[in-house]
Amino acid sequence: MTDNVLSMIYAHSQGAGGLDKAKLAECIQACFECAQTCTACAVACLSEDMAAELTACIRANLDCVDACAATGKFLSRHRSGKDPVARTVVEACRAASTSCSAECVQHASMHGRCATCAEACRRCEQACTDLLTALV
Amino acid sequence: MTDNVLSMIYAHSQGAGGLDKAKLAECIQACFECAQTCTACAVACLSEDMAAELTACIRANLDCVDACAATGKFLSRHRSGKDPVARTVVEACRAASTSCSAECVQHASMHGRCATCAEACRRCEQACTDLLTALV
Amino acid sequence: MTDNVLSMIYAHSQGAGGLDKAKLAECIQACFECAQTCTACAVACLSEDMAAELTACIRANLDCVDACAATGKFLSRHRSGKDPVARTVVEACRAASTSCSAECVQHASMHGRCATCAEACRRCEQACTDLLTALV
Amino acid sequence: MTDNVLSMIYAHSQGAGGLDKAKLAECIQACFECAQTCTACAVACLSEDMAAELTACIRANLDCVDACAATGKFLSRHRSGKDPVARTVVEACRAASTSCSAECVQHASMHGRCATCAEACRRCEQACTDLLTALV
(Lines give C-alpha, C1' and ligand atoms only; values in the text may rest on other atoms or scores of the structure.)
Protein backbone atom coordinates (compact mmCIF):
# COMPACT_ATOMS: atom_id res chain seq x y z
CA MET A 1 0.00 0.00 0.00
CA THR A 2 2.87 2.40 0.82
CA ASP A 3 3.94 2.72 -2.81
CA ASN A 4 0.48 3.86 -3.78
CA VAL A 5 0.21 6.30 -0.88
CA LEU A 6 3.50 7.93 -1.83
CA SER A 7 2.77 8.03 -5.55
CA MET A 8 -0.54 9.77 -4.87
CA ILE A 9 1.26 12.39 -2.77
CA TYR A 10 3.86 13.01 -5.47
CA ALA A 11 1.23 13.07 -8.21
CA HIS A 12 -0.57 15.93 -6.54
CA SER A 13 0.19 19.13 -8.45
CA GLN A 14 0.49 21.14 -5.25
CA GLY A 15 2.81 18.73 -3.47
CA ALA A 16 2.40 18.35 0.26
CA GLY A 17 2.73 22.04 1.18
CA GLY A 18 6.14 21.71 2.73
CA LEU A 19 5.20 18.66 4.81
CA ASP A 20 7.70 15.82 4.96
CA LYS A 21 6.17 13.49 2.35
CA ALA A 22 7.65 10.31 3.81
CA LYS A 23 6.26 11.06 7.29
CA LEU A 24 2.88 11.89 5.82
CA ALA A 25 2.79 8.66 3.80
CA GLU A 26 3.94 6.63 6.77
CA CYS A 27 1.19 8.03 8.96
CA ILE A 28 -1.53 7.49 6.34
CA GLN A 29 -0.39 3.89 5.89
CA ALA A 30 -0.19 3.29 9.65
CA CYS A 31 -3.71 4.69 10.14
CA PHE A 32 -5.30 2.41 7.55
CA GLU A 33 -3.38 -0.61 8.81
CA CYS A 34 -4.38 0.12 12.39
CA ALA A 35 -8.04 0.56 11.42
CA GLN A 36 -8.00 -2.81 9.66
CA THR A 37 -6.15 -4.64 12.44
CA CYS A 38 -8.34 -3.23 15.22
CA THR A 39 -11.50 -4.17 13.32
CA ALA A 40 -10.27 -7.75 13.06
CA CYS A 41 -9.07 -7.80 16.68
CA ALA A 42 -12.43 -6.60 17.99
CA VAL A 43 -14.39 -9.36 16.30
CA ALA A 44 -11.85 -12.04 17.20
CA CYS A 45 -11.99 -10.98 20.86
CA LEU A 46 -15.76 -11.00 20.61
CA SER A 47 -15.71 -14.62 19.46
CA GLU A 48 -13.77 -15.85 22.47
CA ASP A 49 -15.51 -17.70 25.28
CA MET A 50 -13.95 -15.15 27.58
CA ALA A 51 -15.40 -12.23 25.61
CA ALA A 52 -16.77 -10.69 28.80
CA GLU A 53 -13.20 -10.23 30.07
CA LEU A 54 -12.17 -8.56 26.83
CA THR A 55 -14.85 -5.86 26.86
CA ALA A 56 -12.46 -2.98 27.51
CA CYS A 57 -10.19 -4.24 24.74
CA ILE A 58 -13.05 -4.49 22.25
CA ARG A 59 -14.27 -0.99 23.07
CA ALA A 60 -10.78 0.43 22.71
CA ASN A 61 -10.54 -1.36 19.36
CA LEU A 62 -13.79 0.15 18.11
CA ASP A 63 -12.74 3.64 19.20
CA CYS A 64 -9.39 3.18 17.51
CA VAL A 65 -11.01 2.03 14.25
CA ASP A 66 -13.09 5.19 14.00
CA ALA A 67 -10.21 7.52 14.88
CA CYS A 68 -7.72 5.84 12.55
CA ALA A 69 -10.07 5.45 9.58
CA ALA A 70 -11.09 9.12 9.80
CA THR A 71 -7.48 10.27 10.20
CA GLY A 72 -6.23 8.10 7.33
CA LYS A 73 -8.78 9.70 5.03
CA PHE A 74 -8.21 13.19 6.43
CA LEU A 75 -4.44 12.95 5.88
CA SER A 76 -4.94 11.56 2.36
CA ARG A 77 -6.46 14.95 1.54
CA HIS A 78 -3.84 16.87 3.46
CA ARG A 79 -1.43 19.32 1.85
CA SER A 80 -0.20 21.78 4.44
CA GLY A 81 1.94 21.81 7.54
CA LYS A 82 -0.02 24.74 8.92
CA ASP A 83 -3.59 23.46 9.11
CA PRO A 84 -4.78 23.84 12.75
CA VAL A 85 -7.42 21.14 12.24
CA ALA A 86 -4.78 18.57 11.24
CA ARG A 87 -3.02 18.92 14.57
CA THR A 88 -6.15 18.10 16.57
CA VAL A 89 -7.10 15.21 14.29
CA VAL A 90 -3.66 13.60 14.55
CA GLU A 91 -3.62 14.12 18.32
CA ALA A 92 -6.98 12.36 18.65
CA CYS A 93 -5.70 9.48 16.53
CA ARG A 94 -2.56 9.22 18.64
CA ALA A 95 -4.59 9.18 21.88
CA ALA A 96 -6.88 6.43 20.56
CA SER A 97 -3.89 4.36 19.39
CA THR A 98 -2.08 4.78 22.69
CA SER A 99 -5.17 3.70 24.61
CA CYS A 100 -5.87 0.68 22.39
CA SER A 101 -2.25 -0.45 22.48
CA ALA A 102 -2.33 -0.33 26.29
CA GLU A 103 -5.42 -2.57 26.31
CA CYS A 104 -4.23 -5.05 23.70
CA VAL A 105 -0.79 -5.50 25.20
CA GLN A 106 -2.40 -6.90 28.35
CA HIS A 107 -3.71 -9.87 26.34
CA ALA A 108 -0.72 -10.19 24.03
CA SER A 109 0.75 -13.22 25.74
CA MET A 110 -2.53 -15.14 25.52
CA HIS A 111 -3.84 -13.97 22.14
CA GLY A 112 -1.42 -13.61 19.23
CA ARG A 113 -3.80 -11.28 17.43
CA CYS A 114 -3.75 -8.88 20.39
CA ALA A 115 0.07 -8.82 20.13
CA THR A 116 -0.23 -8.04 16.41
CA CYS A 117 -2.84 -5.40 17.15
CA ALA A 118 -0.82 -3.80 19.94
CA GLU A 119 2.08 -3.45 17.49
CA ALA A 120 -0.11 -1.91 14.80
CA CYS A 121 -1.40 0.58 17.38
CA ARG A 122 2.12 1.45 18.50
CA ARG A 123 3.25 2.00 14.91
CA CYS A 124 0.29 4.31 14.42
CA GLU A 125 0.99 6.15 17.67
CA GLN A 126 4.63 6.62 16.63
CA ALA A 127 3.72 7.75 13.12
CA CYS A 128 1.32 10.32 14.61
CA THR A 129 4.03 11.56 16.98
CA ASP A 130 6.49 11.88 14.09
CA LEU A 131 3.98 13.73 11.94
CA LEU A 132 3.03 16.09 14.76
CA THR A 133 6.64 17.32 14.93
CA ALA A 134 6.28 18.29 11.26
CA LEU A 135 3.03 20.20 11.80
CA VAL A 136 3.19 23.76 13.10
CA MET B 1 -33.30 11.23 15.82
CA THR B 2 -32.79 12.89 19.24
CA ASP B 3 -35.41 10.71 20.93
CA ASN B 4 -33.59 7.60 19.84
CA VAL B 5 -30.19 8.92 20.88
CA LEU B 6 -31.45 9.71 24.36
CA SER B 7 -33.35 6.46 24.80
CA MET B 8 -30.23 4.50 23.88
CA ILE B 9 -28.24 6.42 26.51
CA TYR B 10 -30.87 5.79 29.19
CA ALA B 11 -31.24 2.13 28.19
CA HIS B 12 -27.57 1.48 28.84
CA SER B 13 -27.25 -0.40 32.11
CA GLN B 14 -24.19 1.62 33.12
CA GLY B 15 -25.70 5.03 32.39
CA ALA B 16 -23.36 7.70 31.04
CA GLY B 17 -20.75 7.53 33.80
CA GLY B 18 -21.70 10.84 35.36
CA LEU B 19 -21.73 12.69 32.05
CA ASP B 20 -24.60 15.10 31.43
CA LYS B 21 -26.86 12.88 29.30
CA ALA B 22 -28.59 15.76 27.51
CA LYS B 23 -25.28 17.32 26.44
CA LEU B 24 -23.99 13.97 25.27
CA ALA B 25 -27.15 13.29 23.24
CA GLU B 26 -27.09 16.80 21.77
CA CYS B 27 -23.49 16.39 20.65
CA ILE B 28 -24.10 12.96 19.10
CA GLN B 29 -27.10 14.31 17.22
CA ALA B 30 -25.21 17.42 16.08
CA CYS B 31 -22.29 15.29 14.82
CA PHE B 32 -24.48 13.03 12.67
CA GLU B 33 -26.47 15.97 11.34
CA CYS B 34 -23.29 17.87 10.49
CA ALA B 35 -21.80 14.82 8.74
CA GLN B 36 -24.93 14.49 6.61
CA THR B 37 -25.23 18.18 5.79
CA CYS B 38 -21.55 18.56 4.88
CA THR B 39 -21.71 15.51 2.61
CA ALA B 40 -24.62 17.06 0.75
CA CYS B 41 -23.00 20.51 0.69
CA ALA B 42 -19.77 19.14 -0.81
CA VAL B 43 -21.50 17.48 -3.73
CA ALA B 44 -23.82 20.43 -4.35
CA CYS B 45 -20.83 22.78 -4.44
CA LEU B 46 -19.10 20.35 -6.77
CA SER B 47 -22.01 20.52 -9.20
CA GLU B 48 -21.84 24.31 -9.55
CA ASP B 49 -20.30 25.90 -12.65
CA MET B 50 -18.13 27.83 -10.24
CA ALA B 51 -16.89 24.66 -8.52
CA ALA B 52 -13.27 25.81 -8.94
CA GLU B 53 -14.01 28.77 -6.63
CA LEU B 54 -15.54 26.48 -4.02
CA THR B 55 -12.56 24.14 -3.69
CA ALA B 56 -11.64 25.25 -0.17
CA CYS B 57 -15.27 24.88 0.90
CA ILE B 58 -15.53 21.37 -0.54
CA ARG B 59 -12.31 20.28 1.16
CA ALA B 60 -13.45 21.69 4.49
CA ASN B 61 -16.73 19.83 4.01
CA LEU B 62 -14.97 16.52 3.38
CA ASP B 63 -12.72 16.97 6.42
CA CYS B 64 -15.75 17.84 8.55
CA VAL B 65 -17.66 14.75 7.37
CA ASP B 66 -14.87 12.43 8.50
CA ALA B 67 -14.37 14.15 11.85
CA CYS B 68 -18.10 14.37 12.65
CA ALA B 69 -19.00 10.84 11.54
CA ALA B 70 -16.17 9.37 13.61
CA THR B 71 -17.04 11.51 16.64
CA GLY B 72 -20.76 10.72 16.42
CA LYS B 73 -19.95 7.01 16.51
CA PHE B 74 -17.28 7.42 19.19
CA LEU B 75 -19.65 9.33 21.48
CA SER B 76 -22.43 6.79 20.88
CA ARG B 77 -20.15 4.31 22.67
CA HIS B 78 -19.13 6.78 25.34
CA ARG B 79 -19.88 6.31 29.02
CA SER B 80 -17.42 8.30 31.07
CA GLY B 81 -16.51 11.90 31.77
CA LYS B 82 -12.91 10.93 32.42
CA ASP B 83 -11.78 9.30 29.20
CA PRO B 84 -8.70 11.20 27.97
CA VAL B 85 -9.29 10.01 24.39
CA ALA B 86 -12.75 11.57 24.34
CA ARG B 87 -11.35 15.02 24.97
CA THR B 88 -9.02 14.88 21.96
CA VAL B 89 -11.71 13.41 19.71
CA VAL B 90 -14.24 16.12 20.58
CA GLU B 91 -11.59 18.82 20.18
CA ALA B 92 -10.74 17.55 16.69
CA CYS B 93 -14.43 17.55 15.80
CA ARG B 94 -14.84 21.08 17.08
CA ALA B 95 -11.84 22.29 15.09
CA ALA B 96 -13.16 20.72 11.89
CA SER B 97 -16.63 22.21 12.45
CA THR B 98 -15.22 25.66 13.16
CA SER B 99 -13.11 25.55 10.03
CA CYS B 100 -15.95 24.33 7.81
CA SER B 101 -18.39 26.87 9.19
CA ALA B 102 -15.90 29.65 8.42
CA GLU B 103 -15.68 28.44 4.80
CA CYS B 104 -19.41 27.91 4.25
CA VAL B 105 -20.46 31.22 5.74
CA GLN B 106 -18.51 33.00 2.99
CA HIS B 107 -20.89 31.56 0.39
CA ALA B 108 -24.02 31.70 2.51
CA SER B 109 -25.52 34.72 0.78
CA MET B 110 -25.16 33.13 -2.65
CA HIS B 111 -25.92 29.49 -1.86
CA GLY B 112 -28.72 28.65 0.56
CA ARG B 113 -27.24 25.22 1.20
CA CYS B 114 -24.00 26.81 2.39
CA ALA B 115 -26.03 28.86 4.88
CA THR B 116 -27.74 25.66 6.09
CA CYS B 117 -24.39 23.90 6.27
CA ALA B 118 -22.70 26.76 8.14
CA GLU B 119 -25.48 26.57 10.74
CA ALA B 120 -25.14 22.79 11.12
CA CYS B 121 -21.38 23.26 11.60
CA ARG B 122 -21.94 25.97 14.21
CA ARG B 123 -24.40 23.79 16.11
CA CYS B 124 -21.85 20.98 16.10
CA GLU B 125 -19.07 23.34 17.21
CA GLN B 126 -21.27 24.61 20.06
CA ALA B 127 -22.33 21.10 21.12
CA CYS B 128 -18.66 20.07 21.22
CA THR B 129 -17.79 23.11 23.33
CA ASP B 130 -20.65 22.32 25.72
CA LEU B 131 -19.61 18.69 26.01
CA LEU B 132 -15.96 19.59 26.59
CA THR B 133 -16.95 21.50 29.71
CA ALA B 134 -18.47 18.26 31.02
CA LEU B 135 -15.35 16.21 30.30
CA VAL B 136 -12.50 16.27 32.80
CA MET C 1 -32.51 16.01 11.20
CA THR C 2 -35.17 15.35 8.52
CA ASP C 3 -35.76 19.06 7.88
CA ASN C 4 -32.10 19.54 7.14
CA VAL C 5 -31.90 16.49 4.89
CA LEU C 6 -34.82 17.71 2.82
CA SER C 7 -33.63 21.31 2.63
CA MET C 8 -30.25 20.13 1.36
CA ILE C 9 -31.98 18.09 -1.35
CA TYR C 10 -34.14 21.02 -2.42
CA ALA C 11 -31.20 23.44 -2.29
CA HIS C 12 -29.27 21.40 -4.83
CA SER C 13 -29.41 23.17 -8.18
CA GLN C 14 -29.86 19.90 -10.05
CA GLY C 15 -32.68 18.58 -7.89
CA ALA C 16 -32.77 14.85 -7.26
CA GLY C 17 -32.75 13.73 -10.91
CA GLY C 18 -36.36 12.63 -10.94
CA LEU C 19 -36.06 10.65 -7.72
CA ASP C 20 -38.88 10.98 -5.19
CA LYS C 21 -37.33 13.53 -2.82
CA ALA C 22 -39.34 12.45 0.24
CA LYS C 23 -38.32 8.80 -0.17
CA LEU C 24 -34.70 9.81 -0.64
CA ALA C 25 -34.74 12.01 2.48
CA GLU C 26 -36.49 9.31 4.49
CA CYS C 27 -33.88 6.73 3.54
CA ILE C 28 -30.94 9.06 4.31
CA GLN C 29 -32.43 9.88 7.70
CA ALA C 30 -33.16 6.21 8.47
CA CYS C 31 -29.59 5.21 7.55
CA PHE C 32 -27.97 7.73 9.88
CA GLU C 33 -30.37 6.91 12.69
CA CYS C 34 -29.77 3.19 12.27
CA ALA C 35 -25.97 3.71 12.24
CA GLN C 36 -26.20 5.66 15.49
CA THR C 37 -28.58 3.24 17.22
CA CYS C 38 -26.62 0.13 16.22
CA THR C 39 -23.37 1.71 17.46
CA ALA C 40 -24.97 2.33 20.85
CA CYS C 41 -26.64 -1.10 20.91
CA ALA C 42 -23.33 -2.88 20.22
CA VAL C 43 -21.53 -1.26 23.13
CA ALA C 44 -24.46 -1.68 25.50
CA CYS C 45 -24.65 -5.39 24.64
CA LEU C 46 -20.89 -5.60 25.12
CA SER C 47 -21.24 -4.21 28.65
CA GLU C 48 -23.68 -6.90 29.76
CA ASP C 49 -22.54 -9.78 31.94
CA MET C 50 -24.07 -12.02 29.32
CA ALA C 51 -22.03 -10.42 26.52
CA ALA C 52 -20.91 -13.84 25.33
CA GLU C 53 -24.53 -14.71 24.48
CA LEU C 54 -24.93 -11.48 22.54
CA THR C 55 -21.98 -11.99 20.22
CA ALA C 56 -24.06 -12.54 17.10
CA CYS C 57 -26.11 -9.45 17.93
CA ILE C 58 -22.99 -7.30 18.40
CA ARG C 59 -21.49 -8.49 15.12
CA ALA C 60 -24.71 -7.80 13.26
CA ASN C 61 -24.75 -4.34 14.85
CA LEU C 62 -21.20 -3.59 13.70
CA ASP C 63 -21.95 -4.76 10.15
CA CYS C 64 -25.10 -2.66 10.10
CA VAL C 65 -23.23 0.45 11.29
CA ASP C 66 -20.78 0.24 8.41
CA ALA C 67 -23.44 -0.44 5.79
CA CYS C 68 -25.81 2.28 7.03
CA ALA C 69 -23.16 4.97 7.56
CA ALA C 70 -21.76 4.39 4.06
CA THR C 71 -25.22 4.35 2.49
CA GLY C 72 -26.36 7.49 4.34
CA LYS C 73 -23.36 9.36 2.96
CA PHE C 74 -23.69 7.81 -0.50
CA LEU C 75 -27.36 8.82 -0.77
CA SER C 76 -26.59 12.34 0.51
CA ARG C 77 -24.61 12.76 -2.73
CA HIS C 78 -27.19 11.04 -4.86
CA ARG C 79 -29.09 12.75 -7.65
CA SER C 80 -30.32 10.17 -10.11
CA GLY C 81 -32.84 7.37 -10.29
CA LYS C 82 -30.70 5.56 -12.86
CA ASP C 83 -27.36 5.03 -11.12
CA PRO C 84 -26.61 1.28 -11.18
CA VAL C 85 -24.25 1.63 -8.19
CA ALA C 86 -27.03 3.09 -6.03
CA ARG C 87 -29.15 -0.01 -6.44
CA THR C 88 -26.41 -2.31 -5.14
CA VAL C 89 -25.52 0.03 -2.26
CA VAL C 90 -29.14 0.27 -1.08
CA GLU C 91 -29.58 -3.49 -1.42
CA ALA C 92 -26.53 -4.10 0.77
CA CYS C 93 -27.87 -1.67 3.35
CA ARG C 94 -31.24 -3.38 3.32
CA ALA C 95 -29.66 -6.81 3.78
CA ALA C 96 -27.57 -5.60 6.73
CA SER C 97 -30.61 -3.95 8.35
CA THR C 98 -32.75 -7.04 7.88
CA SER C 99 -30.09 -9.24 9.41
CA CYS C 100 -29.49 -6.93 12.37
CA SER C 101 -33.19 -6.50 13.06
CA ALA C 102 -33.57 -10.31 13.13
CA GLU C 103 -30.80 -10.55 15.74
CA CYS C 104 -31.97 -7.67 17.92
CA VAL C 105 -35.58 -8.73 18.01
CA GLN C 106 -34.54 -11.96 19.76
CA HIS C 107 -33.36 -9.92 22.76
CA ALA C 108 -36.05 -7.26 22.60
CA SER C 109 -38.09 -8.59 25.51
CA MET C 110 -35.05 -8.62 27.80
CA HIS C 111 -33.20 -5.51 26.65
CA GLY C 112 -35.19 -2.36 25.85
CA ARG C 113 -32.33 -1.01 23.74
CA CYS C 114 -32.48 -4.10 21.50
CA ALA C 115 -36.17 -3.38 20.95
CA THR C 116 -35.34 0.23 20.03
CA CYS C 117 -32.54 -0.98 17.78
CA ALA C 118 -34.69 -3.62 16.07
CA GLU C 119 -37.19 -0.88 15.24
CA ALA C 120 -34.52 1.44 13.87
CA CYS C 121 -33.26 -1.43 11.68
CA ARG C 122 -36.77 -2.19 10.45
CA ARG C 123 -37.37 1.47 9.56
CA CYS C 124 -34.11 1.47 7.63
CA GLU C 125 -34.99 -1.79 5.89
CA GLN C 126 -38.40 -0.37 4.90
CA ALA C 127 -36.93 2.94 3.73
CA CYS C 128 -34.45 1.01 1.55
CA THR C 129 -37.26 -1.08 0.10
CA ASP C 130 -39.28 2.05 -0.67
CA LEU C 131 -36.32 3.76 -2.30
CA LEU C 132 -35.46 0.70 -4.39
CA THR C 133 -38.89 0.88 -6.03
CA ALA C 134 -37.95 4.42 -7.14
CA LEU C 135 -34.60 3.36 -8.60
CA VAL C 136 -34.54 1.84 -12.09
CA MET D 1 -0.41 -4.34 5.05
CA THR D 2 -1.14 -7.75 3.51
CA ASP D 3 0.97 -9.61 6.07
CA ASN D 4 -1.05 -8.12 8.87
CA VAL D 5 -4.38 -8.82 7.19
CA LEU D 6 -3.47 -12.47 6.75
CA SER D 7 -2.04 -12.92 10.22
CA MET D 8 -5.23 -11.51 11.73
CA ILE D 9 -7.29 -14.01 9.70
CA TYR D 10 -5.11 -16.93 10.78
CA ALA D 11 -5.08 -15.75 14.40
CA HIS D 12 -8.85 -15.95 14.60
CA SER D 13 -9.82 -19.02 16.58
CA GLN D 14 -12.72 -19.79 14.25
CA GLY D 15 -10.72 -19.47 11.02
CA ALA D 16 -12.51 -18.02 8.03
CA GLY D 17 -15.46 -20.43 7.98
CA GLY D 18 -14.32 -22.30 4.92
CA LEU D 19 -13.65 -19.13 2.93
CA ASP D 20 -10.45 -19.02 0.89
CA LYS D 21 -8.22 -17.03 3.25
CA ALA D 22 -5.95 -15.64 0.54
CA LYS D 23 -8.90 -14.31 -1.48
CA LEU D 24 -10.40 -12.77 1.64
CA ALA D 25 -7.13 -11.08 2.59
CA GLU D 26 -6.59 -9.87 -0.97
CA CYS D 27 -10.04 -8.28 -1.06
CA ILE D 28 -9.66 -6.60 2.34
CA GLN D 29 -6.29 -5.18 1.30
CA ALA D 30 -7.65 -4.01 -2.08
CA CYS D 31 -10.61 -2.29 -0.40
CA PHE D 32 -8.45 -0.27 2.01
CA GLU D 33 -5.98 0.62 -0.74
CA CYS D 34 -8.78 1.72 -3.05
CA ALA D 35 -10.39 3.82 -0.30
CA GLN D 36 -7.07 5.57 0.33
CA THR D 37 -6.25 6.12 -3.34
CA CYS D 38 -9.72 7.43 -4.24
CA THR D 39 -9.64 9.86 -1.29
CA ALA D 40 -6.35 11.27 -2.55
CA CYS D 41 -7.52 11.29 -6.18
CA ALA D 42 -10.68 13.24 -5.30
CA VAL D 43 -8.82 16.05 -3.59
CA ALA D 44 -6.11 16.18 -6.24
CA CYS D 45 -8.75 16.48 -8.97
CA LEU D 46 -10.46 19.14 -6.89
CA SER D 47 -7.26 21.19 -6.82
CA GLU D 48 -6.94 21.33 -10.61
CA ASP D 49 -7.87 24.45 -12.52
CA MET D 50 -10.07 22.19 -14.60
CA ALA D 51 -11.91 20.87 -11.50
CA ALA D 52 -15.27 21.62 -13.11
CA GLU D 53 -14.49 19.05 -15.84
CA LEU D 54 -13.58 16.44 -13.28
CA THR D 55 -16.83 16.61 -11.30
CA ALA D 56 -18.05 13.17 -12.34
CA CYS D 57 -14.65 11.70 -11.47
CA ILE D 58 -14.63 13.33 -8.03
CA ARG D 59 -18.14 12.09 -7.27
CA ALA D 60 -17.27 8.57 -8.36
CA ASN D 61 -14.19 8.77 -6.13
CA LEU D 62 -16.24 9.82 -3.10
CA ASP D 63 -18.78 7.04 -3.68
CA CYS D 64 -15.97 4.52 -4.06
CA VAL D 65 -14.30 5.67 -0.82
CA ASP D 66 -17.46 5.03 1.19
CA ALA D 67 -18.17 1.65 -0.42
CA CYS D 68 -14.58 0.41 -0.12
CA ALA D 69 -13.97 1.64 3.44
CA ALA D 70 -17.21 0.01 4.63
CA THR D 71 -16.47 -3.23 2.78
CA GLY D 72 -12.88 -3.40 4.02
CA LYS D 73 -14.12 -3.16 7.60
CA PHE D 74 -17.04 -5.54 6.97
CA LEU D 75 -14.76 -8.21 5.50
CA SER D 76 -12.25 -7.77 8.34
CA ARG D 77 -15.03 -9.13 10.59
CA HIS D 78 -16.08 -11.80 8.15
CA ARG D 79 -15.86 -15.51 8.86
CA SER D 80 -18.32 -17.37 6.70
CA GLY D 81 -18.86 -18.19 3.05
CA LYS D 82 -22.61 -18.37 3.57
CA ASP D 83 -23.51 -14.92 4.89
CA PRO D 84 -26.18 -13.44 2.56
CA VAL D 85 -25.26 -9.89 3.66
CA ALA D 86 -21.65 -10.35 2.55
CA ARG D 87 -22.69 -11.05 -1.02
CA THR D 88 -24.64 -7.79 -1.32
CA VAL D 89 -21.87 -5.76 0.37
CA VAL D 90 -19.18 -7.11 -1.96
CA GLU D 91 -21.41 -6.57 -4.99
CA ALA D 92 -21.95 -2.93 -4.00
CA CYS D 93 -18.21 -2.47 -3.58
CA ARG D 94 -17.54 -4.03 -6.96
CA ALA D 95 -20.12 -1.78 -8.64
CA ALA D 96 -18.60 1.34 -7.07
CA SER D 97 -15.07 0.28 -8.08
CA THR D 98 -16.13 -0.50 -11.64
CA SER D 99 -17.84 2.87 -11.95
CA CYS D 100 -14.91 4.81 -10.50
CA SER D 101 -12.37 2.99 -12.63
CA ALA D 102 -14.39 3.88 -15.73
CA GLU D 103 -14.31 7.57 -14.76
CA CYS D 104 -10.63 7.69 -13.80
CA VAL D 105 -9.40 5.89 -16.87
CA GLN D 106 -10.74 8.72 -19.02
CA HIS D 107 -8.25 11.11 -17.42
CA ALA D 108 -5.42 8.64 -17.04
CA SER D 109 -3.38 9.97 -19.95
CA MET D 110 -3.48 13.52 -18.58
CA HIS D 111 -3.27 12.89 -14.82
CA GLY D 112 -0.91 10.23 -13.52
CA ARG D 113 -2.85 9.97 -10.27
CA CYS D 114 -6.03 9.06 -12.20
CA ALA D 115 -4.07 6.24 -13.85
CA THR D 116 -2.92 5.04 -10.43
CA CYS D 117 -6.46 5.36 -9.09
CA ALA D 118 -8.01 3.54 -12.05
CA GLU D 119 -5.63 0.65 -11.38
CA ALA D 120 -6.46 0.56 -7.66
CA CYS D 121 -10.16 0.48 -8.57
CA ARG D 122 -9.60 -2.33 -11.06
CA ARG D 123 -7.68 -4.38 -8.50
CA CYS D 124 -10.53 -3.88 -6.05
CA GLU D 125 -13.12 -4.81 -8.67
CA GLN D 126 -11.17 -7.97 -9.50
CA ALA D 127 -10.68 -8.90 -5.84
CA CYS D 128 -14.43 -8.52 -5.28
CA THR D 129 -15.18 -10.70 -8.30
CA ASP D 130 -12.76 -13.36 -7.03
CA LEU D 131 -14.25 -13.29 -3.56
CA LEU D 132 -17.81 -13.48 -4.87
CA THR D 133 -17.00 -16.82 -6.52
CA ALA D 134 -16.06 -18.09 -3.04
CA LEU D 135 -19.30 -16.89 -1.43
CA VAL D 136 -22.40 -19.01 -1.78
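Brief remarks follow.
Every chain is named by a letter (A, B, C and D) in the order it is written, and numbering of its residues begins at 1.
What we mean here is this: a residue touches a chain if its C-beta (ideal position, glycine included) is under 8 Å from a C-beta of that chain, and two chains touch if they have at least 3 such contacts.
Given the structure is predicted, the values throughout are model-derived calculations rather than measurements.
Of the two interfaces, C-D and A-C, the higher number of touching C-beta pairs belongs to C-D. Sharing over half of its contact pairs with B-D by residue number, the repeated interface among A-C, A-D or B-C is A-C. Look at where the CA atoms of chain C average out and do the same for chain D: the two points lie 21 Å apart. Rounded to whole angstrom units, the spacing between the C-alpha centres of chain A and chain C is 27. The set of chain C residues that touch two or more partner chains comprises 42-43, 47, 59, 62, 69, 73, 77. The part of chain D that touches chain A in the complex is made up of residues 1, 4-5, 7-9, 11-14, 28-29, 32-33, 35-37, 39-44, 47-48, 65, 69, 72-73, 76-77, 79, 111-113, 116-117, 120.
Residues of chain A touching chain C in their complex: 42-43, 46-47, 49, 51-52, 55, 58-59, 62.
Chain D contributes residues 59, 62-63, 66-67, 69-70, 73-74, 77, 84-85, 88-89, 91-92, 94-96, 99 to its touches with chain C in the complex.
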